[in-house]
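We call the chains A, B, C and D, going by the order they appear; numbering starts again at 1 in every chain.
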């Protein structure tokens, strides 16, 4: 099984040719600065792409592409690999022509240019965004092979923008009666979602233009999107053109037909917006192969829509015994946290799991626990503990245990 | 009042501007423009602008999941779609799920037809909505849907009683939800479960269904991608 | 002077045509997911480029390109805009052929593949990198117009890799006698720099492969570079091929001919590696124009090679009076911190400055204070307070005050 | 000893491998290979492989700053380059700054010629180093530099006493540096200075010297870039 063992054998001929024969880059002159005014990854990184899951949707514009979590590090998602979810396709909008409107239960309806929004007091914060349908395909059974397809509707960025409450106060918002805010996009779908006023007054909801130091990417809502920390991605309305303050929720298409949770008995839970505590091991993970026995660093991501991650435990025996993982700093509220833990693989089958706990004390559930309340026919908000089987031949597979 | 805090930033919206963009329609029909449209007119709209994607009877799954089907006369009485409780029922149509007729009106008005959103007249939206409701046997063939009678239609929506906000997953305090999360796993560290058994995994024939996984992992790293074009080495 | 006032006038014809005439992206179908497997910025962001400073160097391969700080947000530098500094050009190295060697005062000399390094326990941390020559051109007098050219040899990323001490311990390092580590690159210059063992044993020095979630960019040392938090960029050896443990410093070319600080009297300070506390306002900044009186958010960056930023103060009257700015979270050790502060511009001339203090209590110096010790002929380590003059016509200029 | 902690990771380097990569030369000449080279041979190397970039006398500033010049016989005696203390002296050559001859040997051996690094033989490195030292009058025309006599040369380096580590900017405790930073600015908040005067700014003719700054700022934002192709509006 170890036929593919790692390429660092003790040399027989006096040494590794990669050392003894100096490569071109050691004996020549390289390329100049600003050859790429905006640089790109190495050509050897071409395997890292966001990808569609075959057969998941019938069109590409009402669809999703998944981030390659199996090959990512730390907590920042490279903007070029940020997952995508569009309902009516994406656009590259001229920001000088984009307008933002506030209306409804405010003293005065208002209009802003991008220039003006960018003059207001801004905040910069790291937050994860996860589609409510992330890990949906595995609600019932194992359906896809890799963490890209099981958990890849997940990304984390540093967002910069203006707290929505700043803009609402500028318009003279009626905080006594205004309990729900409708956010509306400027694309074809003009995505609409209801946002709780209590989350807005906390200052957490941001009208964002910046992402990872630069502007939002077109696929992620350039030039303006709502950032609703802890809440499923569909509420992070892209190409944001308008917010309306009201006294009742709006039951828009994506909160009255989708993004609802079907419970045993046939009732739907509506307005299930929160992304509860969750984690996943990203390496080793499904579709990978360990080339050798010996030492490995198990690493993964943990997050919670309710605040900071408090701890992550890792099991290599399918959940019988657990060890506490190291959390990388910073551990931020409603952001991804990166965990690492040592592991020596003895070459025998192993089932790797991670289990996160957030600062509210909530512990990520097993599939059994989750299904005992919500059944198996829900689509959204699957935050169950993920299992990866490491086989004797080194191959890692997506499995569920009982 | 707060205007002085940020001088020079923003201006009042004009009534025309608000009218142009404020198109949302709420479950209590706030925002619904006056107007009407018949099932018959709706059929024309449907067949010329909708049917090639959604099917003549809203049954097509070729572009998106089916819109119509799975609801019964009994559901219209109870306001609960019985098929949602059948785990053997294949798929869930739009009409099985939606509780609020405003949602249909609002969404068709803002986003359909898919390639040409916001192109329908108010009459066309009323009528094509009426036609869809007719396909689902909620309104009769000769119905004319309008802002006056839409509340009556709401009272016949098959899944109108199918929603609950009694859960812990609304991130605010606006609904009388529950506080306690559904699950209460514990931080157990030793001998937490019996020997685990494999309950679900991908069948062998799906090995390469997502493309060659070797090409979906970095070429260096602690683990490489599995070459799924080859059978698994035993 | 306000002829160029901002484009949001109260409409006379009933409304803004950008609102009344629905744009194509509101009435059409957009592009599909994964059209770009690896996405890029909006075409409207083309002005953001890393750039050379005209006349600064005679070649492009022993040169520098500057990051466009005037248009960036938060603390993460987009990897495509990370500043560049090459001594013999950059390369895109095949990572499967790259090797890392440890020799010198260790029990056994060792060789590692990338596969192997990536199996070891890893850390992910945010750190700034600043070239020791950043702001060099302004040591004597104002020489360049914008913050891109004055401060743009500065970037901040989340780095992932293995603490160097882990690797050295694996090789059985002699910590009693080994006081200096030579780091050596694999490019043509095979850059060599002496690293203090005391910084390595602190665990802070990282053999890094990850940058902002993906691999290092080729321009930044793909596949392996040293990360030496708080220390000038030249020590962050790129294309890292070897470290050697020794008992004496190495006086390599870039620590015996350059990156030394010429003091009044003609003596050079050697091994001046630390980047001391520094800050700069990024907007408004030189080369920009304010289009209108009224409210503005002054924003900028602060950092220190000695730890966390404790506070940042901002003056709009050339340093007479100061107000404390808000620091965005997270505030991390040896990373950039983003600050923001409100400002209402009354249309009169104003001189904007920022002044940072780090957790050791050290306060960023004025030009007068710095020059009184180090004179004006040093090249490196200019951390003086920067002044931007906002003129009545709205133009912002790089100035120095007395 | 620690090897067991990370089984499977890394292997011993072979002597050949270490020899190939361990090329650094320290100020105490640790790492310097045995060998020698004459000034005369060095001149040949210089003129065929170096002079077109650095100038026949190492004086060229066309590709990089000049290598040779600015040092005197007096400096060779004192070990301090006097011109470094003259603020009117234009530029600082390599030989004015470098204190350690090992630095030259090491760097030429690893990185020069610039387009063809690591192509020189040990003899070529000795000889071209000798030639450069001769250009700077540190060694006589008939000198043969070798691992045996290089310490004597070190004792004649013009700026050998020109370095200090007595500063607070080494981020470790390996040198007997000082702890206190150079400056001690205070967090003063009110009336800290007299009215500031502008002491330095860019001359008008440099307005467009870095290109049009309008095109170097985002097209939207609180501030836009100044159009430097036009004269400043008054």
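Following the convention adopted for this analysis, contacts are C-beta pairs under 8 Å (C-beta built on N, C-alpha and C of every residue); 3 or more make two chains touch, one makes a residue touch a chain.
All of these numbers come straight from a predicted model, not from anything done at the bench.
**Q** Return the chains shared as contacts by subunit A and subunit C, ordered by label.
**A** Touching subunit A as well as subunit C, we find B, D.
**Q** If you tally the C-beta contacts, which comes out ahead, A-D or A-B?
**A** Output for the comparison: A-B.
**Q** Would you kindly tell me how far, in whole Å, the mean C-alpha position of subunit C lies from that of subunit B?
**A** From the centre of subunit B to the centre of subunit C is 46 Å.
**Q** Based only on mean CA positions, could you tell me how far subunit B sits from subunit D in angstrom?
**A** Distance between chain centres, rounded to whole Å: 66 Å.
**Q** Quick one: report the Å distance separating subunit A from subunit B, using the average Cα coordinate of each chain.
**A** Whole-Å distance between the two chain centres: 22.
**Q** Spell out, as numbers or ranges, the residues of subunit B touching 2 or more other chains.
**A** 5-6, 8-12, 17, 21, 114, 117-118, 218-219, 221-222, 224
**Q** Got the subunit A residues that touch at least 2 other chains?
**A** If we look for residues of subunit A contacting two or more partner chains, we find 6, 8, 16, 19, 26-29, 44-45, 48-49, 51, 59, 71, 88, 95-96, 101, 111-113, 115-116, 118-120, 188, 190, 215, 223, 241, 291, 294-297.
**Q** By the document's touch rule, what are all the touching chain pairs in this structure?
**A** The complete list of chain pairs in contact reads A-B, A-C, A-D, B-C, C-D.
**Q** Using the touch definition up top, name the residues of subunit C that touch subunit D in the complex.
**A** Of all residues in subunit C, those touching subunit D are 1, 3-4, 44-45, 47-49, 51, 53-54, 58-59, 62, 68, 70-71, 87-88, 101-103, 107-112, 116, 119-120, 141-146, 148-149, 169-172, 179-180, 182, 184, 188-190, 192, 196-199, 230-231, 241-242, 244, 246, 248-253, 256-257, 260-262, 265-274, 276, 283-284, 287-291, 296-297, 305, 311, 313, 317-324, 351, 355, 357, 362-366, 369-370, 373-374, 376-377, 381, 387, 389, 393, 395-402.
**Q** Where on subunit D does subunit A make contact in their complex?
**A** Checking each residue of subunit D against subunit A gives 5-12, 14, 16-17, 20-21, 114-119, 218-222, 224.
**Q** Which positions of subunit C touch subunit B when the two form their complex?
**A** Touch residues, subunit C against subunit B: 6, 8-11, 14-16, 19-20, 22, 26-29, 95-96, 113-115, 118-119, 215, 223, 292-295, 344.
**Q** In their shared complex, at which residues does subunit C touch subunit A?
**A** For subunit C paired with subunit A, touching residues are 6-8, 16, 18-19, 23, 25-45, 48-52, 59-61, 63-65, 71-82, 84-86, 88-99, 101, 111-113, 115-116, 118-126, 158-160, 186-188, 190, 209-210, 212-215, 217-219, 222-223, 239, 241, 291, 294-297, 299, 328-330, 332, 338, 340, 342.
**Q** Tell me, which parts of subunit B touch subunit A in their complex?
**A** Contacts found on subunit B: 1-3, 5-6, 8-13, 17-18, 21-24, 26-28, 30, 61-64, 80-85, 87, 92, 94, 97-100, 102-103, 106-107, 110-111, 114, 117-118, 159, 162-175, 181-202, 206-207, 209-211, 213, 215-219, 221-226, 228, 232-234.
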